[in-house]
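Dropping a structure here in structure tokens format, bear with me for questions.
When the chains are written out, they are named A, B, C, D, E and F in that same order, and each has its own residue count from 1.
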């Protein structure tokens, strides 16, 4: 389908190997190491028995997400945000995206006045950290709710739909799926897509890095994203033992 | 085309009245009051004769954007970000979007070691402040470069393409163009689109507020955005006296 | 009376044109664009149905003020305070002055456990922004209380006295009224005076910019301020339709 | 002259005992404990061999001031500003006032590219801390320059004029000089005055705490300030051994 | 015992003169100027009638400490932490040490739901500021509790044991007691020791500045600390009139 | 030797299993996962080709350390320091300790004007995170210098001595080595010890959590630390292939 060689040798519509390691750390209600190839993110889900002020007394829950990168998860060391005293605009943008995406996955009215905190910490970055984070947080959150179900705290896992995310982009003129760092730092268009398991969209965020992109290209990218996300959701469900 | 009544009585594919008032304040090299209906944003473009550290000595320019809202530009008063000591994640996300969009409009290599600062300050908000800001900043920046051209500082206005932005969304099941506050606070899908004058995309940012949206809906929304942005770019050029 | 030519051609005891545009923006309970010549400040008055902690349960109200300048309201662009993460000492000094001045105008015990927030945002600066802000905030606050009166929330507008402010200074040896930027940046003594409608003082803040000033000069400056403020208060009342 | 009893038993035109203890701490180039009655402020003057960026290469010096209060210098403990992470508006206002006042005392062009840092730290507060600070900083700065003169670094002490400050106010209807805490917390009008040794004004900052004040009252207060400051300047010069 | 000359001429096991001046300032419940030679620290103890959130309703008290240095307490001026907007790591480390040490001295369960705030502010530094602060805070806290006892607020001073602190170190190969600045800035090992009046340890914090130190050296240093602290505790009790 | 049962069943002088996994992440010059039982810390060593300002032009290197905990590395979720905008006093204290300890291990004058950044991030906490961090950072730093040696950038690994750290404490009256969380949260005395491979001390930091501790106890604890650290250093060298 293409004469362009991807740095990884993958075909344009191939994901990197996607792995979910559950119970990665021991304290969190849900804890998942998600790997999209060499990108590795620890996603933990923590249940807290209270909600933010604006929800108090409404009988419903809340879900919020935070994102961080270890200083040397990247090729050259980044400053530590805790030491600088503020989170970058990029960090805030990503954690807002993770939060919105996961709030679409769960029924906030169905788990009482509790907050689910999702922490996504990148320990190794090779492109696609935000999409890996969303996909891993889905599994961690599911595990946390399973634990609550097992403990009898809730009657059912309040999942509305599975969500997962992937990046797509135009690398040397070729639309490709799931960009790694080499592609990401040299691509023309970069798009992050979040979908649910019916193939509908939760978020579409596309940016022309170099040239503006045409409607036809956008369509090719969305096709790639659709197939990639369907595959990731299969992986999520398999990791959780919901399908085999 | 639709049986849904928009609160403003507009048809689904109608923009609000779009106005650009140039030379709105007197000190900035470019100063524009942009109005999308009742949404009013002051966009100023300021030229500074230096570049950030990472560009020093490279002979090229830089363009950056900041965004703010007056505390009572909104229905209920918001806290002043300067008094709180930090900009919200939303603010940072918007100013990053404005910056990326406008960097697509101008050739940064063609105006020397200078920085163009775009300041977009909302004085009255009624939905669509970020898309109005992008559209107004385009005109303010153009004016600032015109001033430099007139002064002989540059040989040509370093414009690559005109850019403008509009919001689209699904209001009560109906895809509509250029949402006002009443629609925005009650819509299912919300998308901000930035395009250039050839009809290609600079940014597409769509979010499912309630239900996930289908590919067909996405396409309808993009159709609306295309026509709306083309109209806004006509308005920009007319305001600048480039067309009549 | 003087052989010194003011840059504006005004006589020493002349104000610039003072204008109050009410209902300048639509959301605030009171919203005024005040202009002292080319100095333009948006003053909004917002009513909030609660008071700070130290006043809870005391049955009285509170009034507080904030001040800001758009980054390019000035000749050269200033850094945005929200982006820097702190308000300058000058900003805090000015907003404390506005708050004290307006608390002298209204009877805080007469409008219930509510807070009146005054936001004064400079969109174009040409000297005298703080005195314009005080004078405009008076009108915005009056409008906000009128709205409450009309709604039956209060029985009377809790005004004790009208207040207004003006700057005076010594420009090239000549005491002058209402300094514009050219005078302000080249003057010897700079004084901001706040008075009420009986001709008594609320605040007197005089600073020797160059040489220390004599008692006689101080007296001449106060004479100028008295006449200027009386005129501004007439303007305020006329703008509010209280006199014709 | 009055039937009002001041809490201290002083007559209306009496200062509290004013004392300057030079060489109070050992490291600073100038170090003075200034006492206005029970108000005690440590004022140190430190010479640094560089100037702020905006003065580099101009061959002139700079003078700047900072002010602080020990948390329990006051009747009830205040939060430590270093722990809160910001200086209050009041603190910034006061340190700006001290800086302006002392810059009027010395010739900044006559001591080379050096910065004189004045630190005024209140260890016990009983009203009038800012006026004590200004008066003490004058002596500390003079001492620091004397040390430079003795070391041959400068040819003359770059003093233009001595400055000192005092508060005046209306206590129970009676204009009084040098308010202590009991008076200050119960007065109608509060004014801080800074003057030089010719009897001219550097700063006049008057505030109506309760009722607006009349011109006649202002004049009485200025009379009191004039006589008080003349006396403080005599004390400063005596402490420095310039007069006996 | 040694052929090394200490800069001060003291013998290796000699303290500097230790002085406690009680009632140093007038507002605090306890206020002590502690001097270890030329090191001078103002220690105040303030009683507040509430406890932090985590202790509310438990019927017990809390004790917390803060530490600061006046900018020119040192040889060269340090930046003011309040102006920088944050306390250094060193400051936080020291105030945590003071707090832990003093919480060992008093029975927190025996003075009701109150907080004792200890503020230790260095006005002149010559080495050993943290050990002087701990030793002085002990006396200030005792005084504050005495005042409460006298007022009948508590039935007994809730002291469990007296605590004091001293520094020891290896200066030019010689273990010495109570290092001054000249020794501190040129020593090999530096240790701060906090003990109670039975000769047991509260804190031991030793750091190899140059070479790692041997167990035998550690023992010599602890011997010196034991004798020094015993002497300081005698001084504390004498200052409080508990022994003569 | 004891009748006390440790929660883990270990004997009083037993370490938990200590493991060093080198090359844990791929970008850093040195990257080690260190495990002390269930405590897991990622230690990366990053070389940067510049030094802080105070060392510029001196031809020597610098080494600095930072420490963090993932929010859910602990039993209950902690707030993210980057989101709070500041590092806690505990965090700063720990990273200062790691920095001092590792600066004792390497010859800063022998690797040119470069900075070695050590980042220690706890992904799972079960007591002893700071001692694990120091021990792991030693291996990561060694690996980073090995890489520089292999690249010919330096002529020899600038190691002066190996350093490692361990905690010791008194648990239910029994001195024990290498406390886990259950012991740490219920112990009387807690001490962190850093030593080098000759058995000398770099740091000794002991705190009486409950009762003050006697000299004899201190000696028992130091004996335990000595043997534990010797064992950890063997592990470090074995992990690096320096011994077998």
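Note that a residue touches a chain if its C-beta (ideal position, glycine included) is under 8 Å from a C-beta of that chain, and two chains touch if they have at least 3 such contacts.
The structure presented is a predicted model; accordingly, all values stated were derived computationally and were not measured.
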Least step count from subunit C to subunit E, where 1 means the two chains touch: 2
Graph distance between subunit A and subunit D, where chains that touch are linked: 3
Which listed pair, A-F, A-B or B-C, duplicates the contacts of E-F in over half of its pairs: A-B
Subunit C-subunit D separation of Cα centroids, rounded to whole Å: 28
Averaged-CA centre spacing for the pair subunit F and subunit C, given as whole angstrom: 60
Chain centre separation in whole Å, for subunit E relative to subunit D (CA means): 33
Subunit A and subunit C: spacing of chain centres that average the CA atoms, whole Å: 51
Per-residue multi-chain contacts in subunit B, two or more chains: 85-86
Complete ring sequence of chains beginning with subunit B, oriented so that subunit C follows: B, C, D, E, F, A
Interface residues, subunit F side, partner subunit E - complex: 86, 89-90, 92-93, 95-96, 100, 104, 161, 191, 195-196, 198-208, 211-215, 218, 222, 226
Subunit E residues within the subunit D interface of the complex: 25-28, 31, 38, 40, 42, 44, 46, 48, 66, 68, 70-77, 80-83, 85-87, 91, 117, 119, 121, 123-125
